[in-house]
Structure formats: C-alpha cells, structure tokens
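The two complexes that follow have chain A in common; it is paired with chain B in the first and with chain C in the second.
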Partner chain A sequence: MFKSLLYKEWIKLRIYWLLLFIVNLAFCGFLCLRLRHVFRINEAMAVWSNWIFKGYLFYRICEYVPLLLGVVLGCLQFFPETLSKRLRLVLHLPLGESRAASIHLVAGLLMLATVYLPGLALIAVSSSLYFPPDFQANLLLTYTPWLLGGLAAYLLTAFTVLEPTWRLRVVYLLFSAALLRLFFLEDFYNSYLRIMLSLTICTSLLFVFPLLSTYRFGKGYGS
Partner chain B sequence: MKNFARTLLFASGLVLLAHYLPAGYWLLATKLRRPPIVYYSCTEKEFMFFRYTNLTAIRMDAHGKVYEREEFERILPLDHWMQLLRDGKLPDAIGGVTLAPEALRRERLSFRIKPAMIDTPSVNLTPLLDADTGRVRLEMPEDFMRLGSTIEFIHAQTNVIEREKSALYQSAFKAAGFVFPATVMGGNPSTTKPYDEGYFVADATGATFHLRQMRGKPDIRRVSSLASPEDKPKWEALKPLYFHVQEQDNREVHTIIVDKTNQAWFVVGKNYHLVPIPLKNYNPARMSLVVRGDLINRLVTATGDDYVEAVVLDRDYGLVDRYSEPLVARASTPAGKLARAIFPFTLRFEDVSSGYLGVFPEFGSSIALAVNGALLAALLAWLANRKQLSLSRLPEILAVAIGGLYGVILAILMPKPD
Partner chain C sequence: MNPVIECRNLVHYFGAKPALKGVSWKVEPGRVCGLLGRNGAGKTTTINILNSFLTPSSGQCLLLGEDAHRLSPAVKARIGYLIEGHVQYGFFNVHQLERFYAPFYEKWDPAIYFHLMDKLDISPKQHVSTMSCGQRSQVALGLVLAQNPDLIIFDDYSMGLDPGYRRLFVEVIRDYAADGKRTILLTSHIIQDLENLIEDCIIYQRGKVLIDMEAKRLMADFRKYSFDTKGDFKDFSDDSRNLRVERGEKRSAIYGFLKPEEARAELGKLGVPAGNNFQQESISLEDMFIALTGKY
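Here is the complex of A and B:
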C-alpha cells in the first residue's frame, strides 16, 4: 500500500516535478555562470574579501527559491485533492487517515528534496573551482535554513490547503507567513549556526500539522 | 496524534506571538533614547555631555549647566579644533602643550568595540599584508592565510595552497614557540590605513603572539618576550578573548585586548606595555567601548542599555578622572513597564550581544503573572460554565497559564477539540 500510494503521487506529480526540477537546475546553472562571470571581471582577492568580510554570497539571490518551490509543490499536490474532495477516498483506505496522509507528505518531501539537492550540488561543485573548502562549509551552513524553510513551506502549505474551513485557512496562512519569516533572518553567513539543530527539529515537527488538517477534513468540518 | 498536533500548534503560536506582538508594540511605542556622549574638558578639568531628549539635544556639564554650541566647543578645544581653527579661536597652547594642527591631527585616537564584534560569524581566512614592502602604500597580497591547527596560505586566483610559503611560516611559528591551534586572532585586513600592525594571535595555551609579514618573510614573536620585566608576568597570565587592531597615525597603541575576565587592556609602545583600562563595570557582551584620544588625554567610555561609565587617562595612561551614570533602561521606561505588564515573556532571535541568531528571552513583571492567573481563572470558569472542562482543552489552558494574552488569542483563533 505504501509503495502504491507513493507511485500514485509520482504519477500525479511527475510532470510538475520535472518542471520544478528543470527550473531549479536552470536557476542554479545561471548562478554558476554568474559566479564565473564575477571571477572573470574581478580580482579573486576582491571576491574572497567581499565574501569573508562583507558577507556577500553570490547565491543569496536564490534565498527564496526553495520556499517558492515548496509552496508550489504543496499547492499542486493538495489543491486538486481538496477541490474535488478526492482526499475522502484516500482517507477511507484501510491504512488509516494519519498513515495515508503521511505517505502523501513523504512523497512530496522526497520529490522536493530531489528538486533541491542537485541544484545545491551544482552550486557546491562550481564554487569549489573558485573558493577554498571553507566556502563549502559556509555554503551549506548558510543554505540549510533556506532549504529547511522550503520544506517547512511545503508542510505549511499542505496544512493550510487541507484545512476544510476558510476561517482557519486564513489563520493558518498568517501563522505560516509568521513562522516562515524566521527561516530568513540571516543577513550574514552562518548566522543560524547556534540554532541550526533546533531549527531542524522544529521543521521536522511541522510534519504533524497537515495530519491535523487531514483529520479535520476526514471529520467533515466545513462541509 | 491530533492532541499532539494541537498542543504543538499552541506551542508554536506562543513562540510566534511572543516574538511578533512585542515587536509590533515597540514599533509603536519606541521613543528616541540615546545614551549621552561623554567628553572631558582639558581646560575645565571636568566631564561634559551631549545629551539627547525627545525634542532636541543639549550640551551640558556634570552640574547641569547648559551651554550654547560655541561655548561648548570653546571648552572642548581638542574635540572641536578644526572648527576653532576655522573661526580663529584655537588657543596656541593648553597647559604648556602647543596646539599645532599637524600634531592635533596625528595624535587623535579613535577605537570602537561593539559586543557583536567579539561574538560574530567568521571564516578562518584572512589576508596577511606585507608591513614592509618598500612601497609607499600598503598592498593586498595575492593569498589568504588560514591559521588553525596549522598555518597555510591559499592563492586566491588559482585556489591552490602555496606549499613553500606555508612551510616557511609553519617553521617560523614553531621556532617562536607557538602551540597550535590558534584560538583567538585579531587584525585589520585593510589597505586604507597608515601602516600595517599585522595580527595578534593567542595560541592553544593562551599565550599572545604578534605576527607580521616583512618583505615576504614571517615575523612572529611571543609578546611576553618583548615586554619589560614588570609586564612579563601580566602577559603570561593574560587569557585574551578578543584583539582589536585599528592602526592610528601616531602608532602608539598596538591593540586593545579584552580578556576572559572582561578586563580591557591597551597594548602600548615598543615594549608592548600592558595597560589595564580602569573601568569598574565593563561588560563586553552588553556594552560598547569607545576610546577617543587627543594631544593631552585618552577618554574611554563604556556604554550599555542601563549604564555609562567613563575614565580619563593622561598621556602616560595614569587615571585622571572617572565618571559613571545609571541610564534608564528600556524596560524601566513607562512603555517598558507597560510591556512587562502585558507580555509575560518576549522572545527575540537577534541581540546586540552577538552576530549569531539565538533565542533571547525577556520575562514580564509580576503584574503579567497576575494577569496570567486572572485570565486562566476566567477561562476555567467559562469552560466549566459551558461544561467543556476536559483534558482535550489542556492546550488552551496551558497556553493561557503560560502565555496570558498570547494564550487567549490562540484559544480564540486555533481549532477547537472535537
């Protein structure tokens, strides 16, 4: 049943996944070309100094890309389910509501991770040509809150979209916006270093929120 | 699961409201609140102040006498010498010290150490300038130094480690008795300065070394070996937390050190004389340290949210005078007291004490606790009246008990149990 549901989600979303994958990879590719350009028209010393002392990071332009991808995938995956009430069919499977909803979320998170990681790897490989290994650690530590923000955005989108009543959808929307802002407080590299573990744990805990909405959906609130 | 999810939703809501509601409150309630700028008059031999009020800024002395701008500038001639020179009012000498414009310019000192400079993210790569290239101006090197468990130089253009230079420095460090890894390092990697002081580095044992590059060669010395016999024990005992290097025209101060006991030190002259800055309540995690020097005195001011302290030292770093004043902290203003009564706790994720993000809580007053209790009693009565007092209401009850006003908002907005 687990594999079947994963496969169902894959069939449903594969075209969108491919599009998001290509968009993300193309954007990361653009950043790599931009980095090459920056090193061609500036002295390496100046670029390194800007990175180390002024906190200039060439990939900062993609700060909100994981967030956007998370929201888009969450909407694409769950809007159709709620609009036509198709979710009710899934919730009646012998698997149980929570488990069925969890499998949907795992499918979405896996797809999102496979969209993010190749792009990040491309940036890491490309930057290793121009920067020392210290930069890779720096890149990962700075990029991680944005990736977590993307995963959180996906889960919070599912949480909001799956909620059956409009009043709570509006509340959840405000709640999500307030929460997601906390993933983007960084104005210098490595700022999140001391709370990275807490941020990761908090992001993982968000997994239960869509399950609450699914439960309420199954109970027939708002209909 | 649904109970866990609801509890978590209330907990997250508490965190968010404890962050955003006080932030919104302070957006409306904040008034101009700046600490006074402290001066020391070498003519009147007393402290002078530039104080800010909501409407204007006033210049006054320690007795409360208010001065007009021209009068204020006249009794602080070394702070306003350019204006006085322009107006033809600069005295020729003060206390036997001739006020020549070139000397006035050269002898000015200015340092500022903020708490976030001591605790901030950094990358262990920095350029080591050549302090003696034979050129008129300082030049950026082509490589960056990485000083950790070894010393390495990386050529920036090729991104390749320079093995030969790294080995040369590694052996120089060993010859100087440096014990890897380096624990604290401070320098000023800029070319827009009169000369290059290099870096001050503390090794694994806490001993301080002075590193420079001279005509491409390493010049590293254990500072205690350069100090006078009376300073040597002080250097051996010193455990640095932060080195502040900021080259000044008169080349008098090598660095300012903040040690692990919160004591700030000047390092002065050829013998690396270690001079304690005689502040009584300097807390580097919460206070800014500003040093201003002139031909006659050095004025050191430490300013925090609720306290300002200043000391004046003469040119031999002897104590001339001291001043301290409690300030009204934000929490003690009427708006702050109201905030502490409304909000049982506040969460901030940024703080002046650090360049890192973290969780920085502030707690409300006993009034806020009383408000929490009253709101909790009202909620329990309301639930009991509606015959809804059950375990499934625990998230609301806990949220109001802990968060007071925040909990009430959450109880209204968040989903009810079945």
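Here is the complex of A and C:
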C-alpha cells in the first residue's frame, strides 16, 4: 500500500519534479558560476575579507529558492486533490486516513529532498575549490535553515490547501507567512547554529498540521 | 441476518437549514436498493454521511455492522464506492490505475476490470484524462467491481452519461448482483433505468423518508386512476398518505395506495366529482416518483 501511494504521487508529479529539479540546479549552478566569476576578477584576499571577515552572505540569491520550491510542490501535489473532492478516493481506501495522508506527505518530502540535495552538493563542491573546509561547514550550516524553511513551506502549503473552508485558509496563510519568516532572519554566517536543533524539531512537528486539514476535509467541514 | 446498511435517526443541518430530519432505513444483504429523491431531498447528504465524508448533526450510520465514521480498514476493503461524476485520477492510464488499486484489495480480480476495458475497446495505455465521460464511467465501474466488494454504493452513477452508457451500466450492475451475494445502494435521477434493476426503493422528500418498501410492492400497490374532468377543483397532495390529485383540462388523475372504491371515496371526501370514464391506468416508476414527490 505504501509503495502504491508513492507510485501514484510519482506518476502525478514526475514531470513537475523534473522541472523543479532543473530550476533548483540552475539556481545553484548560477551561484557556482558567480562564485567562479568573482574569484576570477577579484583578488582572493579581497573576496575573503568581504565574505568571510565581514560576513557577507554571497549566496543570498538562493535564500528563498527552497521556500518557493516547497510552496510550488505543495500546490501541485494537493490542489488537484481538492478539485471535485478527488481526495475522497484516497480517504475511501482501506487504510487509516492519517496513514494515507502521511504517506502523501512523505512522498512530497522525499521529492523535495531529491530536488534540494543535488543543488546543495553542487554548491558544496564548488565552494570547496575556493574556501577551506571549516568555512564550507559554515556555508552549509547557514544554508540549512533555508532548506528547513523550504520543507516547512511545503508542509504549511499542504496544511492550507487541504483546509476545506476559505475563511480558515486565509488564517492559515497568514499564520504560515509569519512562521516561515522565522527561517529567514539570518544576518551572518551560523547565526542559527544554537537553535538549529529546535528549528529542525519545529519543522518536524509541522508534519501534523496537514493531517488536521485532511481530517477536516474528510469529515466534510465547510460542506 | 444483520442489515448491511443501517441509518438510525439521521439529522443534519447546513447552518440553520435542515437537510435531514430524522431519517431511518435499512438495506438487507443481497438487495439492490435505489435511494431516490428530488434535488435537495437529502440523498447526497446521506451518501456523504454513509461514506464518512460528513458528520451528521445527530444519528448514526452502520455499514457492515460498523459505525460508518469509524470503519476499520478490513471493512473498508469490502465496500466499493463510485463517486458522483465518476471521479478518477486523470494522470493514470488504464494499466497504471489497476496497478495502483490492486494491492489495497485482497479479493482484487483484474479480469473483471480488463474485461470491461476490452468490451469498450479502451487501450491499456489510454490516459483517463483523454477519455470521454462514458469511458471514464466504465473505468470507475470496472475498478469498483474488480475489488469484489460485498457492498457497493453508486452515487448518481448516471451523471453525464448518454443512454447507451447508462444501459451498459445497468446491465453490468444487474449481472454483478445476480448471485445475490452483493448488496448495492444506488442513487440516480434517471428513474426509468432503475425500474427493472432495484429491488427495494427508498424515496426521500424534503429530508424525510417518504417511501421505504420493496419496488415490486410499490409498483403493484401504488396506482393511478384517471377520470374526465368535471367542475372546478384544485390540485391536492397529502404526503402523509401518499395521496395526490391532479387536475387536467380534459382528464384528471388521483394517485395513491388505493383500490378503485377507495379512490372514489377519497375524491368524494375532497368534493371532486369522479366524472365519467373512471379507470385505472398503468404507471411507470418515474410516474410514481413524480406523483409522490410532485413536479415543483
């Protein structure tokens, strides 16, 4: 049953997944080219002084990419299920409703992870050509809250889209916007280091929210 | 034997508006039951409650002995449900659909599904999104039948179908139910299709059960008597006695569970002159439905 639901989501989303993969890779690839360009036309010392010692986040252009990808995937995956109440097909299957909804979320999160990770790997490999290992670790740790923000955006998008009443959708939208802002308050490298674990736990807890919307959808709230 | 479907005093409101006002009925095992009613009578509300897509304001529904809102996966596997509009996944093709659904049902029989697809000359590679309404309805039907369920609920199976596909649907359902081992509940607005299909008939009127009886008994006992129109009188209806009098320009009619002398007596009580040519007329299930529920 688990495989069947993953299969369904893959068939539904595979073309979109490919597009998101390409978009993310393109952004990360652009960043790598920009990095190479900067080091080619400037002295390394000057770049290091600006980026490392003054804390300039050179890959800030990618900051909101994971969030946008998460929102887009959440919409593409769940919005069609609310049309003609197609979600009822899954809710009628012989397995628990929460279990069915959870498997859908796992499918989406796996797809997001396979979109994010190659891009992250590309940045890591590219930055290893110009920065020492301890600075690379800083780069990745600074990028992590944005990735967590992307995963959170996906879960909150599912939470909002699956809610059957428009009034609560607006409330959820405002709540989500406020919550997601917390992932993007970095001013310098590793500013989130101390709260990374808490941020990860909070992101994990957001998994429950779409299950609540699915429950409400299944019980006909707003009908 | 316990009923397969049981509704106990269902009440439901949409805001302040009552949709169901204390509805109770049962479907026994092996029966084909038609749930009929005009638009807004409460049929879809009842179907949604049965499938736990709506929580009633009060009352309870039981499916195969379990509360409809707390069905175990094992019982869910025994219930087939055709959603209104034959909703299915458009991104799947015929083969992929079967591959998706099969693992969920122990009693899954792919032969039933693919036989129906062959009958309609639908290729296994054809996507649902490219199919006509009729083809999609047969795909949805094939998927439900392949589950080999003990209970099937068809929610307005006839929606959007031309007469050919409707006839095919009815024939398939009739053949499937012939062994008496399956229980079927269906709703439809095309009453004439159901005449030779349903064994039990439940008719809703404004959120209440108006009729709940065997279809054969309904066809035998509910009668129409026509007579020449004489004098001035208005149409009359009494839902509590399932009685209706309709005035026509030249011929009028009285409908009800009445023998001829009872019909004459009712007309006398209403002050309606029976007139000449008082005779019983044959009446279809659709005519009965309109007589019972009214035209407006």
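The rule is short, and it goes like this: the second predicted complex is superposed on the first by the 223 of 223 C-alpha atoms of A that agree within 3 Å, B and C clash if a C-alpha of one lies under 4 Å from a C-alpha of the other, contacts with A are read in each partner's own complex, and residues count from 1 in each chain.
Everything that follows uses one rule, which is that contacts are C-beta pairs under 8 Å (C-beta built on N, C-alpha and C of every residue); 3 or more make two chains touch, one makes a residue touch a chain.
Small disclaimer: the values here were computed from a predicted structure and weren't measured.
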Subject >> Simultaneous placement of chain C and chain B on chain A, clash or fit >> reply: fit
Subject >> Greater residue coverage of chain A in the superposed arrangement, chain B or chain C >> reply: B
**OP:** Please work out whether A:Leu117 is in contact with chain B alone, chain C alone, both, or neither, and reply first, second, both or neither.
**Re:** neither
Subject >> First, second, both or neither for A:Lys8, with chain B first and chain C second >> reply: second
Subject >> Partner chain in contact with A:Ile22 - chain B first, chain C second, else both or neither >> reply: neither
Original post:
Of the two partner chains, chain B (first) and chain C (second), which one does A:Tyr215 touch, if any: first, second, both, or neither?
Top reply: first
Original post:
Once the two complexes are overlaid, how big is the angle at chain A between chain B and chain C (Cα centres, nearest 10°)?
Top reply: 140
**OP:** May I ask you to decide whether A:Arg88 touches chain B, chain C, both, or neither, giving the answer as first, second, both or neither?
**Re:** second
Original post:
Counting only touches as set out at the top, which of chain B and chain C does A:Gly96 meet: first, second, both, neither?
Top reply: second
**OP:** Report for A:Leu197: first if it touches chain B alone, second if chain C alone, otherwise both or neither.
**Re:** neither
**OP:** For A:Val125, select first, second, both or neither according to whether it touches chain B, chain C, the two together, or no partner.
**Re:** neither
Original post:
What is the minimum C-alpha distance, in Å, between chain B and chain C after the two complexes are superposed on chain A?
Top reply: 9
Subject >> Footprint overlap on chain A, where chain B in one structure and chain C in the other make contact >> reply: 219
**OP:** Spell out the part of chain C that touches chain A in their complex, as residue ranges.
**Re:** 14, 48, 51-55, 69, 73-74, 76-77, 79, 81, 83, 85, 87-89, 91-92, 96, 99-101, 103-105
Subject >> chain A residues within the chain B interface of the complex >> reply: 43-45, 47-49, 51-53, 98, 129-132, 134-135, 138, 168, 171, 175, 178-179, 182, 185-186, 188-195, 198, 202, 205, 208-209, 211-212, 215-216, 219
Subject >> Complex contacts: residues of chain A adjacent to chain C >> reply: 1, 3-4, 7-8, 11-12, 84-86, 88-89, 91-96, 218-220, 223
Original post:
Tell me, which parts of chain B touch chain A in their complex?
Top reply: 1-2, 4-6, 8-9, 12-13, 16, 19-20, 120-127, 140-142, 144, 146, 154, 156-157, 159, 189, 349-350, 355-359, 413-415, 418
